[in-house]
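Report on one structure; see the data block that follows.
Letters A, B, C, D, E, F, G and H mark the chains as written, and numbering starts fresh at 1 in each.
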């Protein structure tokens, strides 16, 4: 059998400014809890993604984002903003926003600003045009990052979601839309990877405020 | 050998209000010319699409749209409008617009109104909000029909183009974007099918003005 | 957390002639009900698609089409017709037809006229050749719109369904068949998007009867 | 180096009733000629497919079908029929028809009977309803085998062609359409495989007339 | 609502020599039963495919093949043979074999003759080389039809199954293998379409024995 | 019905040095047990893969690897090593390792050495650089075989796993990564095919130690 | 005809800190030159991408990167670094690096540090660990961003290239590898989109040094 | 500009027992020659793959395999065998065989043993059943490795080629066939990767004869 002791990367926090995070899918409940406890012992905080139920080990479980958090990193400067196109995209927008909060950032959320009712987005431009970095979450055709990317000069991290049906193919349509954005300089994460978007934003923010 | 005489559908004009049109790709120059002449003899006008060179039989060849026209149908009422996202999409926008002109419609064109510079589109809304039907041509992520479809109540016919590179996959990204449009009621044509979009518009226009 | 108040587009009815409709998939029951109530308060009617159970808030639930309706828009002129190839396609044909009824149109349905028994379709041509617009719903190889599109001059809106198995790939075969229709001017919706087809028809009908 | 002498399967004619045929793509002109000569020496006739130029070794080259024939097998009973949807599909229809002629069958051809002008097909039903086996060749959405397969009881061998553009994907749309035919019992060949269809027909015909 | 009375094709038996068969997937139990009863009333026998449970209306349900049969057509001449590569392919092999039995044919089955143990196939050649038509059912890489098609001269109908894992992609690997068979003249059905293979065989057999 | 007696390949052990192994997916519990018993009777040991529950026939069931073993082959020389990138890949790494143990090899396991924390891998190079053959198991982007393949001269058998989400597409990303490895001479198995990797290693090992 | 005057977005420089750039593919030489001249007139500098030949209008043409530059923006602070895996990836690495130079940044290049010879990368870590942002360019399996992303804390922008053959599918393997990177927070551009990566880096750099 | 001096991995020969090999596609003639000369200076031999023309620097160019060799490694023990299915696969079979010869191995070739004429393969079993390792090269459906893998116990390295047409998709059909081989323990290389197969064989052979 493989060692029951997981081979955690406890040096990641020092090396990269963020700790190893437990990816719970494909792990047993026991493996997830064991990893969280060892990370919490080492760092004083721990995070798991893709958690399907409350782990009951003294942390906080959020069923929308599927995050389990024990403690968090100290509050730090930096103003990330998370935009989302529709209510159905909220599960990923929250994964990004709450990961940023775990990392210590105060995080603004602007939701339901999809391009089919453009006035909703245009009414909110002032709210996000002062952010340090903007995470844009959208499913279906994933057009929101193109429009946002054309309006403002900041870093844009686009996250396609698996929201949609038929030829959305669980996010392929949105992913391709974002990779082919006519707005230059939009970078893209994997489908439903709100966590990764938060870390990408963190890589920028910690450089900005170091 | 197959009969040299092509089996043309000369009844289509009566049955559907538009004649058979010669699809030149995969046909020899001689086959294309023969078909055009027989259609012209029957109807007094003829159109071929996908023509790669001037056929020199007394008609008009346009190298952008790859259309070859002999005569045209009588002018008729109806106000179609063709929007296109970028200069590179012009070859398909022209295929649609010139087919509509062949069918007898005065056709408005509005180009270079891609969503990365939203003000360009918003400045032109008054120009297309009185059209009977709007054909929207876009490559790359194909977001323009979503934005237009959310602004106006008219019929929207979206045409993805093969413009782009990498994961645009010769129009798949734009096609999927349009099929998954968050603006309701946008219908979609095959990639680069400007001709088909014109016929779809014509089906609407002849119902509207009959 | 995101605002509990959804950012509904209440201006859509004035702007486009149809209200925002609640897309229930990916929303909680509470979110769906809340959105329906606010739309009903604003407009006096409300519609949700993709609803998996009766919401018990005084409206009408149809388990075939997965629509939940509270009231409807006033009866208006216009003769849409919905054709479907097989009994298995009924769930989408009904989504289209009942959405049209919600929008105020009297809607004709013709079902089980797939091309494998061509006489069934040919026997019904008189029933649909006077319609204003024809929605054609088909799964498997999706050949019905090609045949219908070659028989009549009206606007044809094709809807591929996910009906089939093996290489139907949940509607890809039908979608590709419709996008590549040899009948010119057939426009296409996303797979299983009966709702969108109804709105596309409505865009035409309200132009026709305004 | 590999042996210059190709390892031909000279026993195939006895074992299966048809000889090995040279697949010229990917072979040098010299390899193709060498193989043809050895087959001709062994059998008194030889056939190559996918030949791009006249080989000038005393046989017959047809630039439409890309076949090169030296002699042919003796005339034999059997009535295959080859239907094709459009003029652009002729190159594959001829590959099938001329292979059947090489095998010794008198072969009927019916072309330009695509489903967008249904009357053209219905006018010819009497011409193919007495055939022993029907090969149906079509590109674009590939709907013709479904309609034919629903009209007659004979064996139907469907051949998708790479004719089309955009989402036809060089024959995928037609292939999927044929594999998902709502007409039961239609069997399908590889894209552009007119040769294979002829051999499939021959397997049936030699059983029928042995 | 659509008519509760299904629009069955009761003329198919006369036109094609086989009756309409009920495709139960996507139909309610009530719809399936209603269709079976009307077909039984008209013809004296009825068949449904893709049935997930015993319908308890006096017929025979087979959980392996998912067929429900009421009666069958009269015994007729013709010797079809069904080969299958592995035990896991049995569900499709039985769908083909039992459909043939419903149509009136005595049907031979040879199973577990996959190419990884070639001697198992070679030991059985004498058993299938006298058949009128051979249906070859295989999943995974789908190599069996290539080997069989190279050994015998008869009509070969290949059926890919969804058996496999990983890159078998529910039968794509087998389908592509069969479409690209290096044995000439192998025709192919949709993935898991044992029923269609039986009808394709029947089209040949009724021609052979008429 | 097909014969209830499965057509097992009992000669495989002599012919190839490993016995037929029961692939339980798609087989009934009874079929799996019957096959195991017959193999055990013939050889004195038997193995099944893809088993979802304990079969309770006196063997050993491991729920991680989904293997069911009765006995094993005699211990033999040879030092295979199984590396895995993440904890989530353990189910396939164990399928490979335990199959090797069934075949008689003492097998080393090194886990959680994914490339995102490179030091974990570099710290273990001494542990695997003396192995005879190295099986490398990884999901997500599947980069581990490239790095390992560049560090050591031994045979490398790469196994992509279905671990990941979004565009990992159940292992396609990892499979493509491994097939396109910039480290030369890495050969690849099907997604999640730990069993096959063990047999591929065994083909090498028995040649090495014969 | 469409207006000969292109509808350029001359406000982009003020709005976003970078000017509109001419995408030359799909444009005629005359259209590209006209757009460059108008941008140069407005801003004093202009850039075109995807240029296949020297335009001979007084600027600088680089055949590797396919960039055409007239002038450049003023030198500004910021230290971007471009890493590339192989010599064949140089065309995209240069597109990124030279775009950054056009925008005013001094840009470090580190090439041929692919993961198959890990020591080459590890020897250079000190050279890139002080950069503000790192663009990582790789083809084939695209593993380099995962390894780099695990070594350093900075923003990582990954660019897949179309370099490779067979199943690299012109960059899909690399794209999927990067989207599924096990190193958290790696964001990804379209295949071969070195230009976009430079703009994404610029969005970060101008925020960092404003 | 990137350094003109390529960053070659000169330590690979010591580390792995084979030198860095120049992948000429995507490199200029000058880059390829420069790399070959530096490798030759360091090792006394050098190899490039994918070379489209004679480089005229004193080595040997083979237009079939597209290899350019200067010298070779010393003759060493080991008996690799290369089987190929068809004449069209020879270009890849030669890439594998000649790479093995460059590495110092005497290499047996057996060609034109595709499964459509099984006797050709069975007649040659004695010729390859004593090899140390067998490389099996096949296009189209790629069935040959399954049959060979079921006949013999040795390591089998399967190489799909891009030979075929239509749904062979330049080798996908063959690749999927090989990955899903019903013969256990067949490992697979990228499409057309004869070079990689030779290195994979070499990894086994140098372990066997060290």
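Throughout what follows, contacts are C-beta pairs under 8 Å (C-beta built on N, C-alpha and C of every residue); 3 or more make two chains touch, one makes a residue touch a chain.
All of these numbers come straight from a predicted model, not from anything done at the bench.
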item	value
Those chains which touch chain G and also touch chain F	A, H
Shared interface numbering between chain H and chain E [over half = same, under half = different]	same
Chain whose average C-alpha position is farthest from chain E's own	G
Chain pair showing more contacts of the two, A-C and A-B	A-B
Taking each chain's C-alpha mean as its centre, the one farthest from chain D	A
Chain A and chain F: spacing of chain centres that average the CA atoms, whole Å	35
Inter-centroid spacing, chain G versus chain C (mean Cα positions, whole Å)	44
Chain C-chain D separation of Cα centroids, rounded to whole Å	42
Cα-centroid distance, chain C relative to chain H, in whole angstrom	55
Residues of chain D engaged with two or more neighbouring chains	86, 116-117, 150-151, 166-168, 172, 175, 179-180, 184, 190-191
Contacting chain pairs - touch in the sense defined above	A-B, A-C, A-F, A-G, B-C, B-D, B-G, C-D, C-E, D-E, D-H, E-F, E-H, F-G, F-H, G-H
Residue ranges of chain E touching chain C (in the complex, touch as defined)	1-3, 6-9, 11-12, 20, 23, 25-27, 31, 35, 50, 160, 162, 170-172, 175, 190-193
List of chain D residues in touch with chain B within their complex	84, 86-88, 90-91, 93-94, 109, 111-113, 116-117, 119-120, 163, 165-168
Chain C residues touching chain D - in the complex, by the definition given at the top	85-86, 114-118, 140-143, 146-147, 149-151, 164, 166-169, 172-174, 176-184
Chain F-touching residues of chain H, taken from the complex the two chains share	15-18, 21, 132-133, 150-157, 175, 179-180, 184-191, 195-204, 206-208
